[in-house]
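This report refers to the structure that appears directly beneath it.
By written order: A, B, C and D. Residues from 1 in each chain.
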Amino acid sequence: MIIVIQCKDQVGLVAYIAAILAKQHLNIVSMREHVDQNESLFFMRVEVDDNPESAQLEQLLKRLLPDGAMVLVNPLPHKKVVVLVTKEYHCLADILIRNYFKTLGATVQCVIGNHATLQNICKRFDMPFHHISHEEGTKEEFEQRVIETVEQYTPDYVVLAKYMRILSPNFVSRFPMRIINIHHSFLPAFIGANPYRKAFERGVKLIGATAHFVSNELDEGPIIAQQIIPVNHTFTAATMVKAGQEIETSVLARALKLVFEDRVFVSKNKTVIFE
Amino acid sequence: MIIVIQCKDQVGLVAYIAAILAKQHLNIVSMREHVDQNESLFFMRVEVDDNPESAQLEQLLKRLLPDGAMVLVNPLPHKKVVVLVTKEYHCLADILIRNYFKTLGATVQCVIGNHATLQNICKRFDMPFHHISHEEGTKEEFEQRVIETVEQYTPDYVVLAKYMRILSPNFVSRFPMRIINIHHSFLPAFIGANPYRKAFERGVKLIGATAHFVSNELDEGPIIAQQIIPVNHTFTAATMVKAGQEIETSVLARALKLVFEDRVFVSKNKTVIFE
Amino acid sequence: MIIVIQCKDQVGLVAYIAAILAKQHLNIVSMREHVDQNESLFFMRVEVDDNPESAQLEQLLKRLLPDGAMVLVNPLPHKKVVVLVTKEYHCLADILIRNYFKTLGATVQCVIGNHATLQNICKRFDMPFHHISHEEGTKEEFEQRVIETVEQYTPDYVVLAKYMRILSPNFVSRFPMRIINIHHSFLPAFIGANPYRKAFERGVKLIGATAHFVSNELDEGPIIAQQIIPVNHTFTAATMVKAGQEIETSVLARALKLVFEDRVFVSKNKTVIFE
Amino acid sequence: MIIVIQCKDQVGLVAYIAAILAKQHLNIVSMREHVDQNESLFFMRVEVDDNPESAQLEQLLKRLLPDGAMVLVNPLPHKKVVVLVTKEYHCLADILIRNYFKTLGATVQCVIGNHATLQNICKRFDMPFHHISHEEGTKEEFEQRVIETVEQYTPDYVVLAKYMRILSPNFVSRFPMRIINIHHSFLPAFIGANPYRKAFERGVKLIGATAHFVSNELDEGPIIAQQIIPVNHTFTAATMVKAGQEIETSVLARALKLVFEDRVFVSKNKTVIFE
């Protein structure tokens, strides 16, 4: 069973927590701890070898921890997610496959596309697909329809699997640090549109992909995972796009795995990740 | 022996060149060729298994190639280089070691430092060291003294091995595409000063280093080599600096090897590299 | 259009070939050439910017090249493949997805499984699935049924996508250098069964995967692609299996891409790959 | 300050240890813990933000931990090492440079070579060099002279920096898990002599290097660090050697850093490393 804790730092926290777990005869299989000394914040993820009564243990822990502590004993073992897409299939297909074989660590409830391109692949997996075109009505109306559709599923996370629309602050504020995006560059290089075109023009020797939580600043949210692959002068912007899709898929998969296993904490604009 | 060619592209170039080599009974061990179709430029690097008379072969080739072709038969087998440094030792020490064991592919003629910090390590290798302080006289006078010192060695390349001063357009124009810099970030992310501090503040999960030719735009010259290493929340800006030094050293070493082996061509603001 | 050539090496080959292409007014977009000096073998892959009449150009080239030259002008632009599987889904699912979106560079004709586990995912893609159990009849009879099923499709390549049976020399000889296997280790480390268990017991810090052509020696055929990921003391043999599946998928995908684009030549027990 | 603990596992260990540290008003900056559930062993590395009296804290901890616990409070902050070499300079030079600039995390006391090749580079750093030829006397006499020379320095670790002689069990038993070797392959592939030749003949697409503790089985000791680089058909065994030297240097440097910072625990034939 997993226990995650985030609170103000103070001397003796590990001792308090470990003592409580020992009293419950819980053996610690793995304990990861980090103190952000600048922010005076304490983060911990513990795996114990038994399944105690969660609510009671949460209370015990909270009583001893500083006010405002976030304590989750056995956090949602299986998250619910809604996936937003546009036209590119590679990230979505990877998610659908993992979902189908129950190795995603979460359950995909539906897919929403602003184009209908990916409807068929969803159908093949009996996955509900909502086509909400951004070409009908105003930008605000379009987004409102997306928000309403997402919210009717009450998902734990929203995954932007190559969703090529920018979310409004209104959208973002409804799912704080619960929207995960894959950006097709090595952030903070090439923020915004057409990163492969920019990478081609700059003549870089590596291209990258970044999975991050979405905040109100475009491509500025806390980074979860990044990866790169080498490129050279034989690449065009178009072949960079293709090569990049491979790492977009694997970086997003990796980020989702980390998030769904409760290994990712957000601390201001950064992440603390216990891999 | 090596032959490098750069010229306007046209049909039949490979046939012309290969025919001339065949007539000279030169067997092609390795031939690398690239056409930049946007710019209509042709690049070639050939290794043949014999040592023909260079000047004559150059003439033969130039006669058949488009006007303005750059042809080097057996280009400088051993380049001369001047190294500029400030205080950090890691890149310089690596260069001094390779120079001492004759595996650099070039000869270091002298080291110039705007601080005296690295004088002693140079002395240990009997390497001339010129301390030219940037604190005496104006910025222009300082740079003029550096330029004069460099020029008295007539080097083929100037290597900025963690030289923390920005070169003026005057300096750059004297060594066009012959100044190689190591920048301590994954360009174009974190251009300019304090990239590790910026990387720390952004919370990236990879940090990088970039070796590039110096042009008049800060950190915007043609990129030769890039490399990254993973970092995580346990890193401070200070430990990122230390971790980064390892890849700065290896990326610069790799870029120098490629340049000194005549594997790097410059095409506008990019490089074509036949590894 | 692509031209691939493999023959005995001799002086002037590049000149002959380039001259013929120039006479046909074919502009060379990219030319890759390698001479194996030990074996005196010549390999070439050329991309030209037009689509000449293939058969005629092949004849022209063969007339001038050494006896026994292999020349393919515009080789099969779209290969046919049969995929063999056992129970693990990850490699197969990746292939099915790419096949469905027409980015595999080949057409999957059918899937054959010695277990029925993967029948359902094939059905979702309307992909013919043949369940041929190895538990009925002798080992030879089982394999004979597999061979007959494969051969009725006359595939260009047979892909072993985590097919956990060893092929007999009889099977291998029917598809020489046309069977591609993914082995779940960094060959030649951990040949044979249970490589992750062995890797766990040895305490390695990296685990790997290898895609290779199948020869009669177990896991000894020419290697096409290899990749590794870091592991540490927190991994069990079971979590190594899971982590390894990610690179098995991507290494096999990469090897297939290289083979299907005619970038891979076999030279004795090695490959020459023009990436 | 650093505290490292290794002992039999039992419930409550983290609580005991953390309680003791809290009573001493020591704030835990970083705590890494691992339980080897197969062997029922507990490993811990703690960084605290103060410098308590070491001997007393060690006693306090030992009293509460299982019998036979290994507890080091503030372990040797600066290790002493003797380096053994043969002819290749790259690993030694890297160590000498880091030693000279005091970034090795240890002090090199002397270098012993069975050839005199590297005497001069040592001289340049005023580093004592002992040339002990393996050609004088028997193999046993030679090794006895090496052992005596090493032992007169009472080093904490012996580093084999491309020392091309196999150590006898007698030698190994004098420095149990205190001899660190760099092997020029990705172990367990290519154990023993000439790994690059074997890698070339096998046609691998990646070559590697492995730093490990030396045990009595050749190249079978606990692995500390491994790294790989890509190679292809253009590499000969000789160019693989050169390319491999770059990673040999960096893998050994990384392993030494981990060991010297007390991040490496040995558990049977494996390592537990808190990076």
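The rule we apply is simple: contacts are C-beta pairs under 8 Å (C-beta built on N, C-alpha and C of every residue); 3 or more make two chains touch, one makes a residue touch a chain.
The structure presented is a predicted model; accordingly, all values stated were derived computationally and were not measured.
Q: Using the stated contact rule, I'd like to know whether B-C or A-C comes out ahead in C-beta pair count.
A: More C-beta contacts join the chains of B-C.
Q: Using Cα averages as centroids, what's the distance between chain A and chain C in whole Å?
A: Centre-to-centre distance between chain A and chain C: 35 Å.
Q: Report, in whole Å, the distance between the mean C-alpha point of chain A and the mean C-alpha point of chain B.
A: Here chain A and chain B have centroids separated by 40 Å.
Q: Two or more other chains in contact with one residue: find those residues in chain C.
A: Residues 30, 34, 234.
Q: Chains as vertices, touching pairs as edges: which of line, ring, star, complete or other describes this one?
A: Looks like everything touches everything, fully connected.
Q: What does chain C use to touch chain A in their complex?
A: For chain C paired with chain A, touching residues are 30, 89, 93-94, 97, 100-101, 121, 124-125, 234, 246, 250, 253.
Q: Any idea which chain A residues touch chain B in the complex?
A: 34, 36, 186-190, 202-206, 208, 222-228, 232-234, 267, 269-273, 275
Q: Within their complex, state which residues of chain B touch chain C.
A: Residues 9, 11-15, 17-19, 21-22, 25-35, 37 of chain B touch chain C in their complex.
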